[in-house]
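Consider the two complexes below, in which chain A is the common component and chain B and chain C are the respective partners.
Let's look at the complex of A and B:
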């Protein structure tokens, strides 16, 4: 525990130190203030932009897009994973595809998606889904593979029905791996949607950043950027902590 | 197929692979027909356009620009990632301090940071390379770190008993036992540095495949966009498959 606390304190000191050094370098003019704003001003700009409400519409757009993409990816991914698990031949065919899926940068499809569905929410939702779904499929497969055959035999010998086998045996065994897939899916959906908005779109937080960049409004850009990064770090941190708590509870049992 | 004698497994797998390819082509053709070729060109048109592009010198200039930036980004990611991973893996305390920071950086949408990279590095090659390294280096570091940390203590104790010098420890123990994880890290780093370079070119650049992709869309040149997407997908999958097959330890 003592060591853990030391690690935490050193990490905190490093992060705070980095911010302070950046602040000092910017204030002294070592770093050009046209390139990087001092962190305190970034923070001010963020409060200003969020407080003034001009990010509200973008936030609503971005969060709803990420939410839809994430939920669809979970539903489709678990379904596809379950089907592939049941049909080994299909799985053997698709396995190489799944293995190299993430080597293809998904964003290159975005111009095509925009051309098909026109600018708006739909191509962004699909881009987010394209980034997130395979992670869910892969984790569903590995979760289902990880259920020990002994337990399935036990379920059969107890004559459990399908639903009960699923709820009492399969899900508790597969949940940790499923959960790590869900965690990845959220961060991939978030990255996909914000990157899509950033590259080409008319609304959303990603667009707010690239618009501010293109109109040379550094203050607005850093404000929006800091806000997006804080949201992403918080969302991922919450899931990370939740997962750690789950695995601790499992190891205690 | 039903009723006939079962084909040998290998032939069946090849049949399934060809079937998958055909299904993909049919889907592609269906999307193209459904949109009347306004959004996506059909496979044959895209292939013909790609062949035409390959005959032009300016196209190879764009390919060269992307390839040079990617190669530099990947080599830098690999060297820096391996070194940092080695240091953080051996020096445990620093590893524990840095791992969550790196993992956090790995999951944030780094695209939003691209304007900062542009403001620091200026438009051009160095910004693309820096952005590729930002994407590619972290997974290599994290996997190298984890593989060194998970090194079996028995192996190290054996090495101590045998009084192996550090050079032998590295050559006989560290490298062989960490190689699988490290190659997995390099494979991910490969894909992500390519992604970083392409996004950089898509956002603001005058050269490279990412630029062609976006300019094809801006000029409503649908065959160009489709052909570039096809080229990148085929290259990425081919590179990854080769690495999966030949970098197995």
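Let's look at the complex of A and C:
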């Protein structure tokens, strides 16, 4: 068994162990079931809610909002990163702001966004974008910084034009770092949108969790929470797998 | 090259090179040695069209260069310029992506270059799986498939150990003989220059100019075994006696 596989199995064992411990503690009454449901019941509740179609509208709303926020963050962040890379003076001004961006809780702007755009998809998309875009800007800058000058010389010596240099040299070289930013951006967009729905919204998975919480419906709340958790972990896992495949070629085996 | 001078804009303004006059005959092997920072790489950039001279002119096959690398010139850089996301075969074929050659011809050239550079067993490998010497061979092969008439190499073996450098030198000589290309090799290693080339140009400390040009007198079918010839020692000694005062200047010492 190679090291990577062993690490994966130990990680899986830890996770399964934690779930089993929580199940036992809940079943034995050590943890009050009014506070936390046993994981098996959470799972049942999730299957029930998803199977009943109860969450369909919320899923469509949340996933489409996350999708739009993510795509816009990628476009805007990549463009902004490329511009900052080309204009070092502007970068020198904005670098400290970018570095400290995540110390600002962007949720505080959500009421302002609702006041400007009214309750609906738009303020949620903007909140998701605000959360995700800086990660893409930072990773784009890091990716472009990481292109060795010799590769740009190679492009010129091979008489590649600007577009071909971008597509054949710069993007493939920068891809692993860009990808790290995309991965983070998806997580931040998901957090931003669901948190926004949780705070103030009439639809979506965040709203479904919030509604169940305010109705003291623990079963419905934990079912929706587990569903969101599994979606987040699966999306991240897929991107992680893809990223690992990309980087495998570039590292010594 | 006629009266080539290259400045780098400041402040302070840096006079990096020249004036330099250099003529390379078709099929010749010319090496350039010089102290660190004397402008060897600038010379190569200007010579291949990657950089424009501040004054003077560079002509290749009768046509003046204007800041672009013309068809027929192949460049191998000092740093590893293999593309990490492509396999060895794809790296070598990369140079032909822009060509209008038939697919069959592209495949033939790539396979020939793979075999010529001794990379047959590694054609499906990625650069990260290769040693530094093999990666540099990939970069040379990538230039080779273009069938350049002038090959410029900027310290291509700089990062390799001495034994590998000697063997890579043999491969370079074989390549030179079999392709009939003109080769300009920039190196900091006097023995490499003395062993490989027909003529060696010795550059001064910055701003780099040629202070001596040494004819080696080796036959065309030479290889690294010339190092055991007594003439090799004489050549290396002459190169060093020309270069020593310039290297001392670079170090800030009086010769």
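Simple rule for what comes next: the second predicted complex is superposed on the first by the 241 of 253 C-alpha atoms of A that agree within 3 Å, B and C clash if a C-alpha of one lies under 4 Å from a C-alpha of the other, contacts with A are read in each partner's own complex, and residues count from 1 in each chain.
Heads up, the rule we're going with is that a residue touches a chain if its C-beta (ideal position, glycine included) is under 8 Å from a C-beta of that chain, and two chains touch if they have at least 3 such contacts.
Just so it is clear, the structure is predicted and the values come from calculations on it, not from any experiment.
Applying the stated contact rule after C-alpha superposition, one finds that A:63 touches neither chain B nor chain C.
Of the two partner chains placed by the overlay, neither chain B nor chain C lies in contact with A:179.
In the superposition on chain A, A:229 makes contact with chain B only, not with chain C.
Of the two partner chains placed around the shared chain by superposition, chain C is the only one that A:250 touches, whereas chain B remains out of contact.
Of the two partner chains placed by the overlay, neither chain B nor chain C lies in contact with A:211.
In the superposition on chain A, A:157 makes contact with chain C only, while chain B stays out of contact range. Counting residues of chain A touched by each partner, chain B versus chain C, the larger count belongs to B.
When the two complexes are overlaid on their common chain A, residue A:104 makes contact with chain B while staying clear of chain C. Overlap of the chain B and chain C contact sets on chain A: empty, with no shared residue. Within the complex, the chain A residues that touch chain B are 6-7, 10-11, 14-15, 34-36, 89, 92-94, 96-97, 99-100, 102-105, 107-109, 111-112, 114-116, 187, 190-191, 194-195, 198-200, 206, 209-210, 213, 218, 221, 225, 228-229, 232-233, 236-237, 240.
In the complex of the two chains, the chain B residues touching chain A come out as 13, 16-17, 19-20, 31, 35, 38-40, 93, 96-98, 100-101, 103-104, 107-116, 118-120, 187-188, 190-191, 194-195, 198-199, 202-203, 210, 213-214, 216-217, 222, 225-226, 228-229, 232-233, 236-237, 239-241, 244. Against chain C, the residues of chain A that register as touching in their complex are 148, 150-151, 153-154, 156-160, 164, 168-169, 172-173, 175, 246, 249-253. Residues 48, 50, 68-69, 71, 73-75, 77-81, 83-85, 94-95, 97-98, 126, 128-129 of chain C touch chain A in their complex.
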